[in-house]
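Chain nomenclature is as follows: A, B and C, assigned in order of appearance, with residue numbering initiated at 1 for each chain independently.
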Amino acid sequence: MSLLSQRDNGEPMLPTPYRVVARQVETHDSVTLGLAPVAEQLPHFQPGQFTMLYAHGIGEIPVSISGEPSTRDGLLTQTIHAVGAVSRALHDARVGAAVGVRGPFGTSWDLESAEGHDLLIAAGGIGLAPLRPVVLGALAHRQRYGRIMVVAGARGPQEFLFRTELSAWAARDDLNVTLTADQPARGWTGRVGFVTEPLTGLQLDPWRTIAFLCGPEPMMRICANVLLRHGLPPEQIRLSLERNMQCGIGLCGHCQLGPLLICRDGPIVDYATAADLLTVREL
Amino acid sequence: MNTPAAVVIDRPGLDGLIRGLMADGYQVIGPTVRDSAIVLAELDSPDQLPAGWGVDASPGHYRLRPREDGAVFAHSAGPQSWKQFLHPARQRLWSSRPDRTYTAESGDALRYAFIGVRGCDLAAIGILDTVLAGGAHSDSAYARRRRATFVLAVNCTEPGGVCFCASTHTGPAVTAGYDLALTERLDAGEHGFLVEVGTEEGARILAQVPQRRATAGDVEEAQAEVARAAGRMGRQMPEVDLRDLLHQSRESPLWEDVASRCLSCANCTMVCPTCFCTTTEDVTDLTGEHAERWQRWASCFEIDFSYLHGGSVRPSVASRYRQWISHKLSTWHDQFGSSGCVGCGRCIAWCPAGIDITAEVARLAEDAGRGQQDVSAQPAG
Amino acid sequence: MPSPPTLAIWKFTSCDGCQLTLLDCEDELLTLAGQVRITHFPEASSEVLPGPYDVSLVKGSITTADEQLRIHHIREQSHVLVAIGACATSGGIQALRNFTDVAQFRALVYASPEYIDTLATSTPIAAHVPVDYELRGCPIDRRQLLEVLSAFLIGRKPDLPDTSVCTECKRRGLTCVMVADGTPCLGPVTHAGCGALCPAYRRGCFGCFGPMTSPNIPALVSQLRACGLNEDAIQRAFRTFNAAAPAFIEEVQYRRTQCR
């Protein structure tokens, strides 16, 4: 009965009321919301973690946190891609709207352990959202890291998240930013092609580099293979996995991927753990 | 607490224990005959125990069988398990107030007393404790109910045709986690129960009924009876490294073969005493003002269970059966530090197609080229 | 204040059981009337208001040339179209005609068959126009109807599990009638939604909610035989309310070729 005699850790399934205090349109179907606690404030998050966001009467979805990791004011920044009924309702939420929040949950990018290393951040589409706190966290302590390389891809030039910020990053000389659009478009003078392509041409010191990948699973698999060919050990490649997360705390069973409960043992795992799991059909 | 010596009570003594628990405010849940089966239900009286009923079980088949000896606990697992009460099939998690704040379900103040929890099922409750209340975040409703539960366990002396707890090392004896443990004794026309005390609460309840101190002979005979039960299991799980076997069998052709027989009806997961998966329901009234969130049992056999980005991760039945059995026997170790199977045999008896987990594992072991000697090995008891 | 969403109920070839399910929502009907403007509900009122309609509930199957045209018009006028009941979702009991010559039936049943204008088949709504949601059952389940309506009103995807009836049976704590009594039951291949109504009365499931997603009917047929059903009885079991559901048709045809 020792397990049960532990103190109660509250009601992890109960949302905490938050309110939309900022809304920034990112693309035609995604926005970044600023959420502030109505009263009680949730614990501080680590880059890579997610929350469960609840839209009144519609449902709850996992959303990774895309804000500045050093913030301590309780404000949550979350980027929403409207794909289903819940994400559409959150996407459409206006300033002042009430939302319920649980979290933060899951593993982090563990940026601290990458100190003294070069950072390679590769994002596909909405995958840039959970990686933004990595870039912001590293820039906040720029001297602690070696080279920082950001490679971001999107379907088209208008599909990049955080476009103003990306331009500002690209203008810095202590940050190497490569943007690539899947399809050519009028007025786009940047690279055209998948995000995996610029990775091949990068000059990397494989022993000094920690890679952070987030995007569609095939994109991450291909990127990881490119990095393995560069000589990176799989333990130095971190990726953010996605499965059907419902409870966020390892109790509902939906997000299993082999031995992992992605909400609890992920979403961030290293490629040494994930490689084997991502190649089995329908695992 | 010093472990008190074992005692012996008779059938009226057992009835007295149950009445004592009722008088103490416990809601008593125990086995009783209903709808052609021995089910677990709230008992109003000890007379509702299934005295004189046994069970014949085989794959996809379960029949009640009258016994002449009046035994109360001589039946193997029925269609339900204790999770029905500790981790209910459907429960409200919270409801919203008009100001868009949320109220957790306050939880019933019920104190359950479970009567007749066998070794397999006590092990299953222990596994649920780890899964639902042993991690960083716990299911608060489960933990609340569980803490208030009194467990009257029984050492199993009558395994059934689909039982294999001896080979999963979860029975037939109960080892820990009980308030009181009984061994039913039917020899020489005398119907008695050897009682061992696990907790002070157990001792307090036991003190209310007539009893005699057990002799060394009583204890030895009871232990011998349980040991004999270990040798009478209807089935056995191959004693190989299941965790490794399932891991190695991810691409086995067996999955397609099982899929041809599997109904993907989810019965196995629903009757399994450790299958804990749930899904949530968002509910609103027609005005949309009042919202609630409910939780219900889910199953990895449901196509939508793994839904992600417009489709299921596991659309084929083969992959869903592989997920279930691999989780149960292999990845459960990675996630929760033990196997998820306790050898109760429910998934075998209550599968309408009669798919037998022990037989499927034996075939995997055979395919892995190392099954022969292991499959013929005797259970360790 | 924005005008409330409009709700219309349309009848094709069917009985009125499903529509009565809506009338049976006595406690909720007044609330519903406050949330939507009911623009067409033949069982409750003869008034028909012009479209477009935010939600159309369509019951019945398509069995006449006129119905074939009318369903397209309704689809064009409807933002969300929900097919309700076995007739609308699989063709209903009247789809038994699909397996034989409807002219024979017509001649047998009607004194003046020349007045009867009918198609050779009874087909579900989805065979003619895109359908947003389907409520299965003969008749539909009242709770599922309220779920579709309350989900629509707030913008939620309705919770309509496509799993087996067994999941509901086990959640209710019922004892399996097939395993414990040897009673033939279509539950393991039948779409959930009724709440395991028949097994709760110790009857086997009749399959009135039609096939679940990807049913394994051959695996169930072996068990039905073990329960003592012969080939004719098995065919009859699948030839009821959802006889023309593709999964059920395929099964009967498959077994017929096996028997030859």
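Just so we're on the same page, a residue touches a chain if its C-beta (ideal position, glycine included) is under 8 Å from a C-beta of that chain, and two chains touch if they have at least 3 such contacts.
The structure displayed is predicted, hence computed values, not measured ones.
**Student:** Is the number of contacting C-beta pairs greater for A-C or for A-B?
**Tutor:** Higher contact count goes to A-B.
**Student:** Looking at mean CA positions, which chain is nearest the middle of everything shown?
**Tutor:** B
**Student:** If we define chain centres by averaging CA atoms, which chain lands farthest from chain A? Would you check?
**Tutor:** C
**Student:** I'd like the Å distance between the centres of chain B and chain C, where a centre is the mean of that chain's Cα atoms.
**Tutor:** Between these chains, centre-to-centre, one finds 37 Å.
**Student:** Chain A to chain C: how many Å between their CA centres?
**Tutor:** Result: the chain centres lie 43 Å from each other.
**Student:** So how far apart, in whole Å, are chain A and chain B when each is placed at the average of its C-alpha atoms?
**Tutor:** 40
**Student:** Of all the residues in chain C, which ones touch at least 2 other chains?
**Tutor:** 154, 156
**Student:** Pull out every residue in chain B that's touching 2 or more other chains.
**Tutor:** Only 282, 284, 288 qualify.
**Student:** Can you list the residues of chain A that touch 2 or more other chains?
**Tutor:** Only 56-59 qualify.
**Student:** Can you name the residues of chain B that touch chain A in the complex?
**Tutor:** Answer in residue numbers: 93-94, 96, 100-102, 104, 129-140, 143, 146-147, 177, 250-251, 276-280, 282, 284, 288, 291, 293, 295, 298, 300, 305-309, 313-316, 318-319, 323, 326-327, 330-331, 334-335.
**Student:** Would you tell me which residues of chain C are touching chain A in their complex?
**Tutor:** Chain C reaches chain A through residues 154-157.
**Student:** So in the complex, which bits of chain A are touching chain B?
**Tutor:** Residues of chain A touching chain B: 1, 3-6, 8-15, 17, 38, 56-60, 83, 98, 100, 242-244, 246-247, 249-254, 256, 258-261, 264-265, 280-283.
**Student:** Over in the complex, which chain A residues touch chain C? Could you list them?
**Tutor:** Chain A residues touching chain C: 56-59, 84-85, 88-89.
**Student:** Show me the residue ranges of chain C that touch chain B in the complex, using the header's touch definition.
**Tutor:** 28, 31-32, 34-35, 146, 149-151, 153-154, 156, 159, 161-164, 166-167, 170-176, 178-181, 185, 187-189, 202, 213-216, 218-220, 222-223, 226
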